[in-house]
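What follows is a pair of complexes built around chain A, which joins chain B in one and chain C in the other.
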Partner chain A sequence: MTEERRSEAEKRESPLITFVRKNARYFLILPPLIVVILFLVVPSLMILLLSFNKGSVTRFDPTKISIDNFIAVFSRPSTYIILRDTLGMSVLAALVTLLVAYPVAYFLSFKIQNFQLQGIITFMLVAPYWVDWSIRSISWLSILGEKGLVNYVLMSLGLIKQPLSELLFTRWTLLIIWVQTNLLFMIFPIYLSLTLIDPDLINVARTLGASPFKAFTKITFRLSLPGVVIGIIFVFISTLGDYVTPALWAGGLQMLGLTVQNYAWHFNWPMAAAYSVLLLAVTLGVIWIVLRFANIKQVFYK
Partner chain B sequence: MKRDWVKIVLGIYTVFIIFIFYLPLILVAILSFKSDASITFPILGFSLYWYIGPPGLVGTSGFTSGIFYDPQIGQAIINSITLGVITAVIVVPLVICAALTLRYAFKGRDLIFYLLLAGFVMPAIIIGLGANIFYKTIGITEYSIWTVLPLHIVYTMPFGLILTMARFDPLMVEYENVARVLGASGWKVFTKITFPLIRTQVISTFFFAFTLSLSEFLRSSFVIAGVGTIPTYVYNQMSVTAPTPKWFALGTLSMAISLTLLFVVAYILTRGQRRII
Partner chain C sequence: MPSALSVKSLVKRYGRNVLALNGVSFEVDKGDFFVIIGPSGCGKSTLLRCVAGILDYDSGDIYIDGRNVKDVPAHKRNISYMPETYALFPHMRVYDNVAFRLRMHNFDESEIKKEVKRALELVGLAGFEERWPSELSGGQRQRVALARAVVANPSLLLLDEPLSHVDYRLQRKLMEDFKNIHKNLGNTWILTTHIQEQGLSLADTLMVMNVGVIEQKGKPHEIYESPRTVFAARFVGDINLYSGQVVEQKGEFCIVKTNLGEFKGIYKGTGEIVGRTVAYGVRPNHILISPVGEHRENSFKARLISAYYFGEFIEYIFEVTGGVQVKVHADPMPVKIGEEYAVSWDTVRGIILDKPSVIEGLNIEDVIYGR
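Now for the complex of A and B:
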């Protein structure tokens, strides 16, 4: 009875309304999609367009298209040095962060059964991020500076006579700060993918005679790869796009993000846009390579 | 009984990492009570000047005052919290919409999924520069926290989406279908079945969005003017004057407030013995 009534009502509807009603659950995607297209896709396309202009224009002028910016970018030897340093430092930061973060994530997910304790440790790791970024940034001056904690302690103990001046403003300072600031975003995805592993898989492997080390490398680590890959991508992106930490602490090391910011600072928007396109290409290239190692989608689509 | 040495070693290591996490913050807290104007060692004396000191000349750092005498800090705090809360309030429903739709297979799902994650993949400087060029092109030149808001939304949304989708229960759609067959309306299915199942993820999304927005500088600085948020205000101040313990006082204060808040949230979340993510 109700079935008949429903089908009659359906016949009277206009096709458009039928389409909307039948696909209603897919229309929920529109609000987030529109926000992303408007504030991410459109601005990126504007950067791309502007990179084909010249001079001090601030908005795209279709009458003055040229590829001079890109010729300038690729003909400079400095571009290749910048690329090498940027990629080198980002890769190093990602790998060191992974090495530091993995044991913490492993400990959290496998060695602590008490959810309350898990929660407390997680929140202890999150809490420092609530202290302002710029304040955390200058605090390094108090730690590694000429009159900072490290030098102060070493001199008090009589281990050194003169303060070590090379603690600050080298690429190693940059590395330490990057690892410390990105650690949480490496720990979280790995922890997440480790908690999704069925412990029986490891138990079975152990029962069948695999050593703990072999069980770890063959099962645990492989199954946590999606988390590892997400963490690595995060560190890559946050370090590739960072233009302040290198400027403050790297002692004149030129980076891609810094180069973009320098041009923007001097109102050469088209050159800034051209270097941005290069930066985006590098970023996407790196992500593409990293994604070869794991199927990220399987974590999300079930 | 055999001791779990792996557990002991990893436990000590984790405590060490947490110590490294907190070392800068402990220093910030200690140095904020210094009586002189430098942010380095040794500490010659303690005072509350950088909190409640009246405006005046201190050492070589010029004209300065404690944080309670700086009206712009108050403004920056209000701006930051307003921006963070509004970002989180908008991001949560957007994430729910996206996550619920992406459970179903449909044409273009991969593309949409990647697009929604783009805010996470785009280097910060490109989002900032792009927004700056975008606003100029459409004729917006008055920058404020409202011009920053869309950037914070696209930046924090992917984190919420990842958190929510990674913890989805594969049986969720089944439960929903059962409720629907039994005659529940679409809204009722959402409020009685779907939402309770993803409640923890929703709360995590809210706090992640708020936290990320609060300390975001790299994207905001391209499209903000005036006092701005705490990070942009502090950064701009530090680029004109030498850093003083005043900023550490601000950091200590925000740390005290946020730790209190976090413990309240942690208590609420872990009360039901749930995983927090």
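Now for the complex of A and C:
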């Protein structure tokens, strides 16, 4: 079609069709956008509105607007203990997961040259996630219990006389389970960013006078930071709001997610909503700090 | 005075079957501009990496400034290594890239500033300190990598394939730049290349490598004029090569019977070669073109089939009946494509070689015709 004939055809079509045709690329994101708005943005706004209501309502009531819920949340000393425990456990989980995951990712990308072996190890890392969540949870009993694997090994090595009872139903149980469930989500982004590093960067650093340790801190670790940041964010997102694992394993440790669930369970939806808003704020705040701390622009260098 | 680098019987295997370096031994003088040339896969990069200390080798010894570096890690060898990809640190600005070596050796910040400035001026990139590597062109990246390599003047510089990403026309210019910087610094440089002609004449010493072995080492003109093997003759400079049988030998002078006729030439080896199949070679710029009928030695009739303009010379391609071609490099002259001329050369220009390569067991005709 020549230019002239095309413009003639354009004149004849309806304005709506012209609009759609000219913005076709934006319409491509329409289906996911609708899903996100319908199932994420709208419910979040509903929770936000609900948190400004009082009493045992399950629907926003415009006649009962107040900020009493937030006053109640922030005037309770328990809120600060819950915040401290939630944040503390999440940060600890992120750090321990990082410490466990980094060597695995490093080993996988630098020390194993055999592609097939890499595949087998990756498969073994993924395999536990195919086991049902509840079965995986129950299996912790046989590992961490008084007659479990850990106590058995420690006692037969003579390291302890009495079985450790702190392994189950304490905050350490929660930590262990969180680390295990999040390990893969830390290993993979780090592994990916490590495989993207040109080995010659490390070679050159070494010949320029960097010891293996210096070459690691100045080049390898620095260039794997995008993976580390993504891994840490994954752990935060999945632990900060988690209430099932703390409820089952933490031995009564109160967490933000658990508090929300408690209020919702007792039909105090506005209070649950207020704690939800707090949880959302904390999560966003933590992610913001992580990105700020890691200087995102430098991490994702051009 | 010990040599800058001395390699003794170096052996490197990859896996069980690949022998990358098969007992390589050579020395590099202090202050030399040393070029290793060989086809890709010949082991020259492997050799450089072993010297740099970033690749383990199976046996043999490497001495840098007289010191055996077997147990000396890369960061204590006082060398610089520039890989083919340049490997600029992407998360550092030009300044920090160049300053890396100085920081690793705990220089003061004021001294680092001075040295970085000096190194960037040396490569002609003053004022680029604040740029990111991603903001540089390929040529600029290479110069930053060079500045980073020469800063604090390491005793030995190892540049892997520095010419391979450079335009054909710029190769010679780049070699001249390297040579000038090298003269300025006075340390020892070792470069590898698989490119045959450009700027090779600028090397102080040239070493020709073939799969895991050294074919020949010497001044560029020595290898050019007196190659020891067919492989070395083919790899340094252009050459017309023909196989033939030696029919007469009188001291250095021999007569070789080829498909094109009988030619006289020089054999620099020792021993009796009469009756053997050898390579007879003549460089394109040593061949004369003259009208048919003039009597000269080593002369035959050939038809001019094409001419290519190369700037300093013209490449004339002649064909003899039977499809054998002769390449001649000469000044522009009034010749016509399609006409017959006599091509000839002086007997002293005829190179007779009986060894295809230092590698044993190769068929000389396969090497001559590049099979």
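As a convention for this text, the second predicted complex is superposed on the first by the 251 of 302 C-alpha atoms of A that agree within 3 Å, B and C clash if a C-alpha of one lies under 4 Å from a C-alpha of the other, contacts with A are read in each partner's own complex, and residues count from 1 in each chain.
Keep this in mind: a residue touches a chain if its C-beta (ideal position, glycine included) is under 8 Å from a C-beta of that chain, and two chains touch if they have at least 3 such contacts.
Nothing here was measured: the structure is a model prediction, and the numbers come from that model.
Once chain A is used to superpose the two complexes, chain B occupies space next to chain C without a clash. In the superposed model, A:Asp198 lies in contact with chain C only, and not with chain B.
In the superposition on chain A, contact of A:Thr122 is made with chain B only, not with chain C.
Applying the stated contact rule after C-alpha superposition, one finds that A:Ser211 touches chain C and leaves chain B untouched. Vertex at chain A: the C-alpha centres of chain B and chain C lie 90° apart in angle, rounded to steps of 10. In the superposed model, A:Arg222 makes contact with chain C only, not with chain B. Once the two complexes are laid over each other on the shared chain, residue contacts for A:Ile143 go to chain B alone; chain C is not touched.
Minimum Cα-Cα distance between chain B and chain C in the superposed model: 5 Å. Residues 212, 301-302 of chain A are contacted both by chain B in one complex and by chain C in the other.
Chain A makes touch with chain B in their complex at residues 24-26, 28-33, 35-44, 46-47, 50, 58-60, 100, 103-104, 106-108, 111, 115-116, 118-136, 138-143, 145-149, 151-152, 180, 183, 188-189, 191-192, 195-196, 212, 230, 233-234, 237-238, 240-244, 257, 260-261, 264, 269, 272-273, 276, 279-280, 283-284, 287, 297, 299-302.
By the touch criterion stated above, chain B contacts chain A in their complex at residues 4, 6-7, 10-11, 13-14, 17-18, 20-25, 27-28, 31, 38-42, 93-95, 97-98, 100-106, 110, 112-113, 115-116, 118-127, 129-134, 136-137, 150-151, 153-154, 157, 162, 165-168, 170, 186, 211, 214-218, 222, 230-231, 234-235, 238, 243, 247-248, 250-251, 254-255, 258-259, 262-263, 265-266, 269-270, 273-277.
If you check the complex, the residues on chain C that touch chain A are 49, 52-54, 73-75, 77, 79-83, 85, 87, 89-91, 100-101, 104-105, 132, 134, 148-149, 158.
Chain contact summary for the complex, chain A toward chain C: residues 198, 200-201, 203-212, 214-215, 218-219, 222-223, 298, 301-302.
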